[in-house]
Structure formats: structure tokens, C-alpha cells
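Here's the structure we're looking at; comments come further down.
For clarity, chains are labelled A, B, C and D in written order, and residue numbers in each chain start from 1.
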């Protein structure tokens, strides 16, 4: 039975999510190579050591380059802020490691392309953390689109809105440092753009309004001194898909009240789907042409009939959570390394998503449609 | 007690709705002038006679000009297809009648302006059938915005989508005859544009994608012969409000599954509101800054604390329906004629709404932002 | 065209609802006898006169016996407190008037039986105000049960809960005067018992817990003096239906937060239905055996395919409200008087419902099952 | 850092759930003793070996008694059918192991009492798999009740309904073998009874209707031969809580359409809570006395403000799933073994729950109220 030595760089929000997922991956996906939890690295060694203990990894390091150099490590997760993604990923690729990198892949399109090309040249497996499309109901949605159950697709309305930046008195943070690239359109927008691509296919052209609503923020909570905000906090985009239909996409991190409004309404000539991550175990499906008296939106609840739900629980109705989606993501990634089907989204796909982001920003500046 | 003689031109969908509403108006609004149900006119006299009997109007006519000439009639409702609105309304105005006209006001901006100016010159009271904003919860929403309970408004996402044209094999109808003006953007779009204006204020600029998805339709149900569709069936609009915030608006009559998806999400720095006409007796309200453990969206249910609900039912929870909204509309219209507060939307407001429609179409053709 | 002279006794909550409904009935039901709005009576003549004007009735009276004696009146609605129902109804029946009486029919079973027998002996048409089952979706639900679409019925869970008495400091009112009969079990319980019978059929046996939670109330708002509450405010009932299945029913007027939680879940071997009056234009339907991947509860929205919705609006999605249900009730009542199908629930059915109420109270006292 | 050697008996539905949970427990609860995954036992050694590999346990065994005898094992999870619970648990207790046993604890009240007493005599820590109350929102609900935020509790309506036995042609299984004890009332009823006790406190008295609706089942799928069903499939219970209020409880495994309808409505004089496991990351809360215009049910979404959600994800809105609830359960169990707060429900509590089950069955037979 093949084993894969796992390393994680970073111990924050996503570092923890990756650790949970690697620990659970084999339990959910018996056929994948066995993940051997080798090392966690963090610039703060104490944090790394604490994480390694807590998440059951064998070793800790205060220097991520040790991980790159370690021959027992086959797979590296990069979960640091995105300004570090390129350097770490390229080093890992150069060392022949398979790389999972959190999104956004990098602050600039050029860097992301370089990362994708390096990985492809080296023939290693990459993946980027677009976890929400790992939902079994999203897989079902895609199958339904592909099978023509919705007829011709006539529209897609997508949104990813949260409110963690809604308070104008909320302080300036690294998240809005422009050296990290654009703001909400990269952070949340990339999720819903990726979801749109996953379901409907490539986006050909955009006309966008990308703006900064909260113009300045205190340098710290309660401080009088304020600092200008140089990245966007709302993006609204008209999209033209390559397959011919239109749609809209919104990314918004000042959407007061919303904690996870990542959702869409996808309409076709014969049916439609409605989804929101706020109720991630439900998918609404309308099929035209049924008996009019009893027709309407069906609330589909996730169950074992929607793979790979059954790997987590044999009975329907028990529900998956966010960490389970992350486990599916890692299970598929390790499976692909083991020779299984290509899982994705890989670096190339992340680059394609970023192209839509950049085209939207360009469109907003030019106040016109821009080809992706 | 002042009386007003009422006449209705047209006996279709809206003719019936007006009749229900005039019959109920005094029961709900005791202070208004007493509506005396005088006459229903229809080009088909038999239909007019049947309607007059059924709706309790004193007389019927096969010629709407009789109504114009009748001194006992003080108020005229125009509920015919919109190609007739101008002629009928101008005649009524010229005769000094107060006029309620269904939307869209007319096929062209010029005609609508002419109608508004004629009414203003004559000093008569006008109203246009934007019934959905008559909902007590919409009045509450507007009050909350005006009172600053949501803080600075940072976004509005509105939609009016239905599916009555979703089937590509559904036949060509008068509704898509281009002599009646544009398609869904006028028919449904005007409702959500009007709602946006009601809540957030004037729209200054738009960037729109207005398109025809179903390119041709059979000349009749099942016919082999097809006719080109020359009006739009989906419109997606980026909007810039005069007050500074942005938003999106969609109008769509091929939204398979949707029967009345007229709704919005309105976001401010301190709170937000979510509404859909699919559940017209509910308004979701989120207020930032409450106790984090128990904060969330509040589902407000209409009750007597939301005027004029109490005029229909003294106890909460009993719910209003569409015809009740229409009754509020007529009650306010008659009240305004009686010297009460100006109700609106009047012809001028309908013209302002239409300017957004026309700017959107122009924007879509120019593929750029267009000032309203 | 036959006409029916209409009289209403009482100008309160239900008096107004009846007035709205009689005014609208012909507009919704063209085939019924024409209701001629003749008289409103109230012990307070000024109130009666005001109501007659506002609701468009020809005359007012301060003495309901005038209405009984008036030959121009064919139909009488009794909307007074239920201690008056018997005397008024029997007088009306004796005078050969058709009678609509609000629920509960009377404070005692004996009185209700006397009323039913008097009406039957005289051959007049009666109806009692169980308005909620007039909902087109309830008619659909009953048809589905009868057609076997749900298979064998295996359970019914019904509730009618509101919160208008939830505050222990809310004052004593006529509503809880024991001379009016029992409390919530008669007031709200009768609605859900009636709905259970409408859908599932007769109730054969009950085991109930009928109790008074709020033991005393101030004699008036804020008063120190308190008065004992002698009627029930919560009733929980195990039921055995005549057709063999079991169920539960709850009536509750101290259900803090609930304004109109009148609903049920009806389960059969092949499907199930879920309804709440809180969303009266929706019915949830689950059908076993469909494609597992896309099966789930269907949200049916009322539309013209659900008669008589189409009489109120030709397009789906527009929604009915409470007053529309009342209009259906009156339309059916007048239609039955005109020789149309028997509408009901009539006095006899109200008596049958009351038998379940009384059996529940007896069961609660005996702490055992009691046959109805 | 203290370690605890973990063993699991059984590799089915719950065996897997326990394995996931033990693997994740330390990642979520850094302060607990470190779980060392030692052994999985199953009567089928091959299954045990496969599970041990997949779930990362060091060893497998085909004989559970090996686990009992193994000094490296400190904690044993019993996840076999409940006819085996007593023997295995008593053996583990005798060997001084801490025991987690799945519910129902045993087929008979006497056996469960014996198990509880044995554990107490030995001073070991026990826990029983009532996982759903581990939900952070259930903890919040209990705190709100205890803090008096809902005022005096006036009612509890609870249900656990699923449909895995709804089809009368579904075959006879071990689940309905009467040697395993009663049917749905033990299987699902124990969950909602436990939840009722968790939130409202002890149940003093019951009046129940416990019945077998599907009287016989085919011996195998499609077989002509049928076998009588001797256990209940629906139980409806009137309950009297020790604190004085009443309520109803339903357990139902023939509830066509329901996959996880485990929920309640809890009403107090000042507020109420509504929950369903179908949307386990939401709790509805109504607070009386707020501003009437904007009052209503608040939809609380789980977040880091609801411990221990934050141990799974630092950001709100991401949602927990079933396996996370199981992880909380195991984390608390191991924490209690390590000297942390007593987590429960322990064997004694499971016995108390079972007393309600048995009293309900007795009540149903006697057709009268029975003290618990």
C-alpha cells in the first residue's frame, strides 16, 4: 500500500482545515494512498509544534524550507497568506512535491501562470482550495447540467457575500493590504467564479463594477488614525459565458448579516437549480413539464445517493459540514496523486479563474466589456 | 360625504384586479371618498356587461369614449394593453378625469412623458399600477432606510423573474409584439426598478445586458411556422444609484420555475433587509451589533403594527394577498383624489422608471455605461 | 338572476371579514345568486351605521331582531360572541333565513346540537366559519388523500398555536369567560380538529391533556387585582381516527412567537404533506419512489391550477390572503343556497367538531381515553 | 501528556462514526488526553483489519474479548447491535475500561440499570451516543432555558421521525427483532426524549399511544413469505415534565419523506425556540417584548460564539456536520476521563431515558397515564 508523506505550511484557519482533512481522508476514501502525517511548519516554531501535536503530525519546523528539503515528504499544503504562495509552491514543485495551495493562488496573474506552468512542466499534481464545489450536491448539479436535465442553460446568478468587513470601524488588516492583490473579488469572488465555471463552463467576457465602499479604516480597533483602503470590497459583474448564456456574479465582504451567502440560481429551458452554502445539504430543483397541480421546487437533501456522502455516513439526513468538504477535497487530491481521476481545481484552473478576476477589474476601470 | 364615479376600461387580468380593489377600497379605507362603481368598458360589449354585473358596476359600454364623455365618471382605470394607454389616458385627462393606468405606461419614453406632462398641466391625480410596493412590509422597509436603521446603504440586489415565457415552444403573443415597446425589461423590470427607486432612490447610471434568448416562437401552439422574437426576455443591469451606492437588477421571464420572484436584498453598514414576493407577508431584517450569540435574520411577519394591514384584519398572522395590495393601491389613489397624501407612483414616476428601462437598452446596445 | 339579501349581525373582527367577503363573492364566483348587501346590525347603532356605510350595506340597525323580521333579508351572518350564537341563529332559522355562524358554534354541545337540528328540520342552508380549509391547497390535499396518492394514511400531526394570550400579565377578557365555553380548545382547537376531519375523516377516540397554564390574570391591564382563569390555554390530544390511524392535535394560545401556526403533517405509506397557515400559499408534498437522486419535498405554490384560485387571479404566484379565503367561504355558501354543491362545514359538522372538543375535555379530567 | 488507548468494537454505521470522531477529537479539543488509536474488533476479522487500516488504528481483532484483556486499551466504544451491549460493557467495566456505548443502551430496563450500577460501582466514566445534543446550538438552547431567557417554560413539542421503515414491502431486519427491545420508541424516541430531558428536565408522567402500523413484512426483499412485526413503528406521547409543564413527543420511523426530522418547539412565557436537525446549524429564537414592528423569529446561525464551534472553524457560517457532532461527543468523553467536566449522557442518564420509554409502553397498554 503506497504511502504519501504529508506536510502543511501554516497553522491558521486553513492550516487547521487541511490538518482535519488529511486526518480524515483515508477514513472516507479507502482507496487512496495512505497519508502519513509528517510535518507542520510555521514561522513560529512553537505554533508549529503545538499544531503537530494536536493534529497528530510527526514533526514540526520553524522553517518551511526544511519541509521542501525533506525526502520523506511527498505532498505539501501551502496555507500561508497568498503573498508567500508563489515562492513556497515553486520551491515545492522544484523539489518534486505535489502541491495543494490555498486560494487565491497568488496576488498577480503572471505569478499564478508561472506557478501553473512550473507544475505542468514538472508533471506534479496540484490542487487549489476551492472547497465548496466538493459538495456532493454540486457534483449532482454539474451532472444534471451535463446530462441536459435543465435543457439549454439560459442564465446563472451567483454570489458570494459575507460580512466580516462590513463595519467601517473594523480595523485595517493584512487581508486588505494591496500587496496581496485585489480584495473581495479575489478572496470570495474566486469561489463563485470557480463555481460558475464548474457548472456552466468558461466565462468569455465581463462587464464589471468593482469598488471600494469603505474608503478608510482605523489602523487598529478603536484607533483615531485611519489608513486608506486600496482594495475592493464589492464587485458586481455581468458575465457572458462561452456557451452563449449570460449571468451575473457578485462578490461582497460588507454584506451585513451574511456569514456564508455563497450561492447561485441556474436556469435552463427545462429546469432550474437553486443553491446556497447557508444550507449546504440542500439543493432546490425545478423540472418543467411535470403535473401542474403538484409541481414546484424539490428540496433535495444530501444522502448516500450523492457520492461521496456515503463515505461519511451510510444514512441520509445526517449532513456534511465544512470540514467534510475539505476532506473530500484532500481525498480527491491524494487519490489523483495515487493515479486516480484528476480532481482539480488545479493551478491552471485557478489561473483561469484569476483571469476572470483580472478582466473584471480591467472592465471596471475601462467602464466597458472586457474579454477574459 | 364626497363620492367618486369609477370607470374601468378593460376586463382582463388587470381589469378584474381593479374591480376587486375598487369594491374593497372603502371597507379598508373609511376616510376616502366613496367610490361609486359606474361603468366598465370593453371593446367587446358582452364582456363589459358580464364584468359590470359580476363586479357590481352600474353600466357597461362597448366604447371607452362613452366613459370619457360621461359626467358621472370622475376616475378612470386604464387596464388595456399598453399600446392603448396613451390615447385613452390623454382623452381622460382632457376630460378632467383622474386616471389610473396600468404599467408599463406606454411603449415609448416620449409618449409616457407626454402623458405625465398632460396630467400635470391639467392638475389631475394619476397613478400607475406598481402594486407590489403597496405591501405594508415595503412601507416598513422604506421607513427603515429613511430612518437610518440600516446605516449607509451599500448595495441593492433586485430581481423580478417569472417563467411564463420560458418554454421556447410557447407561442408568439401580443406581449412580445415590439409595437408594445421592449419586453421583459418593461413588463417585469419596471416593477423591480420602481421598487429600487422606492427604497433606495434615483438610479443615475446603468450598464446593462438586455438580450433575447428565445430567438423565435411558433405562431401558435404547436405550429411549425415560427416568428422571430424582437423583444428582450432577460435583462441584467449594473446600477449606480444617485445616493452613491451600487447594485444589480435583473428582469427575466424565462426563469423556469419562478412564478413571482420579485425580491431584493438591501444592505447597509448597520443592517440589511431581504424580501421576496414569493413570501409577501415576510421581511427578513438583520441588525448588526446585537448580542452575537442570538443575533441573526429576524423574520418579520405582517401584522396590524404595519399599516394599513390592520384595515384588513385586526389580528396578525392572517396575511394579505395580491388583491389586498391592489386594494391598498386604489385606496391610496382615491384618498389622494380626496385631498389625502399623494400616493403614487404617478405618471411622472412611471416616466422616471421608464428612463431607466430605456437607458438600460441603450447601454446594452452601446456596451457601455449610460447615464439615465 | 336570483338575488339574496344579506344581513350581518356584529361589526367586530369577523363582522368586517364577512363584509369584505360578501362584497367580493360575486366577483370571484360569477355563478352564485347575486348578494344584495342589505343590513348590518350591532347593539351599538352608530357602529352599525358606520359599518353599513363603509362596507356598502343599504341599512343599519341597533336591534338584530329587526333583521330577523325583515323579509328582504335571506341570509344572516352571526358574528357576535358565541354566547349569542344560539338565540340569534335559532331566530334566523325560525324565520327561514339561511345562516352563517362563526365558530365556535355555541358554548355547549347541547346548544350546538339544538342549532343543527333546528336548521335541518327547517331545511335551510347553514355554514360555520372554518375558513382555513377553504384554501385551494387544502382542497388539493384532500383530493390527494382521497385519490390514494399518499397511500394508506399512517399519521396526522396537527396544531393551531398563537400567542395572543401568552403574557401572564395580559388582562382577563370575555374570551376567557367560562360562560363562553372552554378556552383555546374551542377557539383554536376547533380549527385544527375541523381540518383533521376534513383531511383524514372522523376522530373516534381521544386521550387529552387540557390545561390552564396561566392561572390568573389582572382584571385589567396593569391592575393589581387578579381574577382566576377558568378555561384552558393549552390542549394536547392523542387521537384515533375512525379510519384506523393515529395522530396528535395541539391547541395553544400561549405559544409565544406564533401568530398563525395552524398546520399539519400528514403521512401516508406512499407520500406525505406538510402545511402551515404561516405560508398559506405553499404546500409541501413528498412522493415516495421517485428517482432517489432528485427526490425530496416539493414546494407547491398556489396557482390557477388549484381552483378556485383562478377566480381571484389568472396568473400563478400572486397569492391569496385571509380575506380571500373568507370570500371563498361566502361564495360557496351563497352557491349552496343557490342550489350548488353543499359547501359546509355546516352546523352539523360544527357539532361533530365540538364533540371532539368535549371528549377531549372529558378525557383530560378522566385521565384516560374517551370515545367521541 | 496523558494518553488513552482507544478500542472500538464494531465496524458498521456507528463504528465508522466513532473512528472519525476519535481521529478528530484532539484536533478539536487540544486539552484532552491524547487518544492513541489502538484496536478495532469485529466478529469478522477481515472487516476489523480493513477498518483498522482505514481509520488508522494500530491493530485489529476478531474477538472483542482480546480488547477487554489488553492493558494498552483504556477506553472502549461499543457500537454493536444492542443485544450485545450489556455483555461487552460489563466486561469492559470489570476490566476498568472507560466505556462509550451506543444507544439504546440495552433491550431491557433491568439490563441498563445493571450496566449503570456496575459502572458507578467501579467509578469509571461512561457515555452513551446521544450525539445530537452535542450541537453547539443545543448547548445554547439549554443555557437560554436555564438563564430564564424564555421565562417560565410552558410547553415542549418534540419529534424524531424518519422514513427508513415506511415502505410496508421493506423486509424484516434485525432492527425489528423484538429480542432487541422495543422499536422506534427506543431507536429514535430515545433521542428526542433525551433532548427533552436535556432542555426541560425530567419527565414525570406519560400517556402514550405506541403502535405497530406495518403489521408484517416480507422475510426478504420481494419475498412472498411474510413475518409479523412485533415492535412499534410509531409512538405518540403526552408528557408531564417534573418542572410542571406539559408537552408531546413523537417517534416515528414510517414518516415517509423525513430523513432526519429530529426537532422541537420549546415555548416559554417570554420567548420560544424552534429547532430541527434537518437544519442543524440554525436555531430559531423569538423574544417577546421587542419592538413590535421588527420583532419575529431570529434565525441564529452557528458560529464561533457558540462553543465549541470555534474549535472546528474560526469563521462563522461554515457549518458543522454529523461527524463533527460525534467528534464533540468523543472530545467531551475523553476530556471527562482526563478529569474535565462530566460530559454525559452517561449510563445512568440512558437508563433514565429508557424509563420514559418503558413507561410509555406501559401507558399505551394500560391506556392511561403512567408515572415514570
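Here is the rule we use: contacts are C-beta pairs under 8 Å (C-beta built on N, C-alpha and C of every residue); 3 or more make two chains touch, one makes a residue touch a chain.
The shown structure was predicted, so the numbers you read here are calculated from the model rather than taken from an experiment.
Chemist: More contacting C-beta pairs: C-D or B-D?
Modeler: When C-D is set beside B-D, the one with more contacts is C-D.
Chemist: Copies subunit A, subunit B: same or different interface, half of numbers shared as the threshold?
Modeler: Counting which numbers both chains contribute, over half are shared, so the two copies meet through the same residues.
Chemist: For subunit B and subunit D, let me know how many angstrom lie between their CA-based centres, rounded off.
Modeler: About 53 Å separates the centre of subunit B from that of subunit D.
Chemist: Mind checking the centre-to-centre distance between subunit C and subunit D? Centres are C-alpha means, answer in whole Å.
Modeler: Result: the chain centres lie 41 Å from each other.
Chemist: Touching at least two other chains at once: which residues of subunit A meet that condition?
Modeler: Residues 258, 296-297, 301, 303 of subunit A each touch two or more of the other chains.
Chemist: Which positions of subunit B touch subunit A when the two form their complex?
Modeler: Against subunit A, subunit B makes touches at 150-152, 154-155, 157, 159, 163, 166-168, 207-209, 211, 213, 234, 236, 238, 240, 245-248, 250, 252, 254-258, 267-272, 286, 288, 297, 367-369.
Chemist: Provide the residue numbers of subunit C that touch subunit A in the complex, in ascending order.
Modeler: On the subunit C side, the touching residues are 140, 144, 285, 287, 292-301, 303, 305-306.
Chemist: What part of subunit A is in contact with subunit D in the complex they form?
Modeler: Interface residues on the subunit A side: 1, 12-13, 16-17, 19-20, 23-24, 26-27, 30, 34, 50, 53-56, 162, 164, 258-260, 277-280, 301, 303, 312-324.
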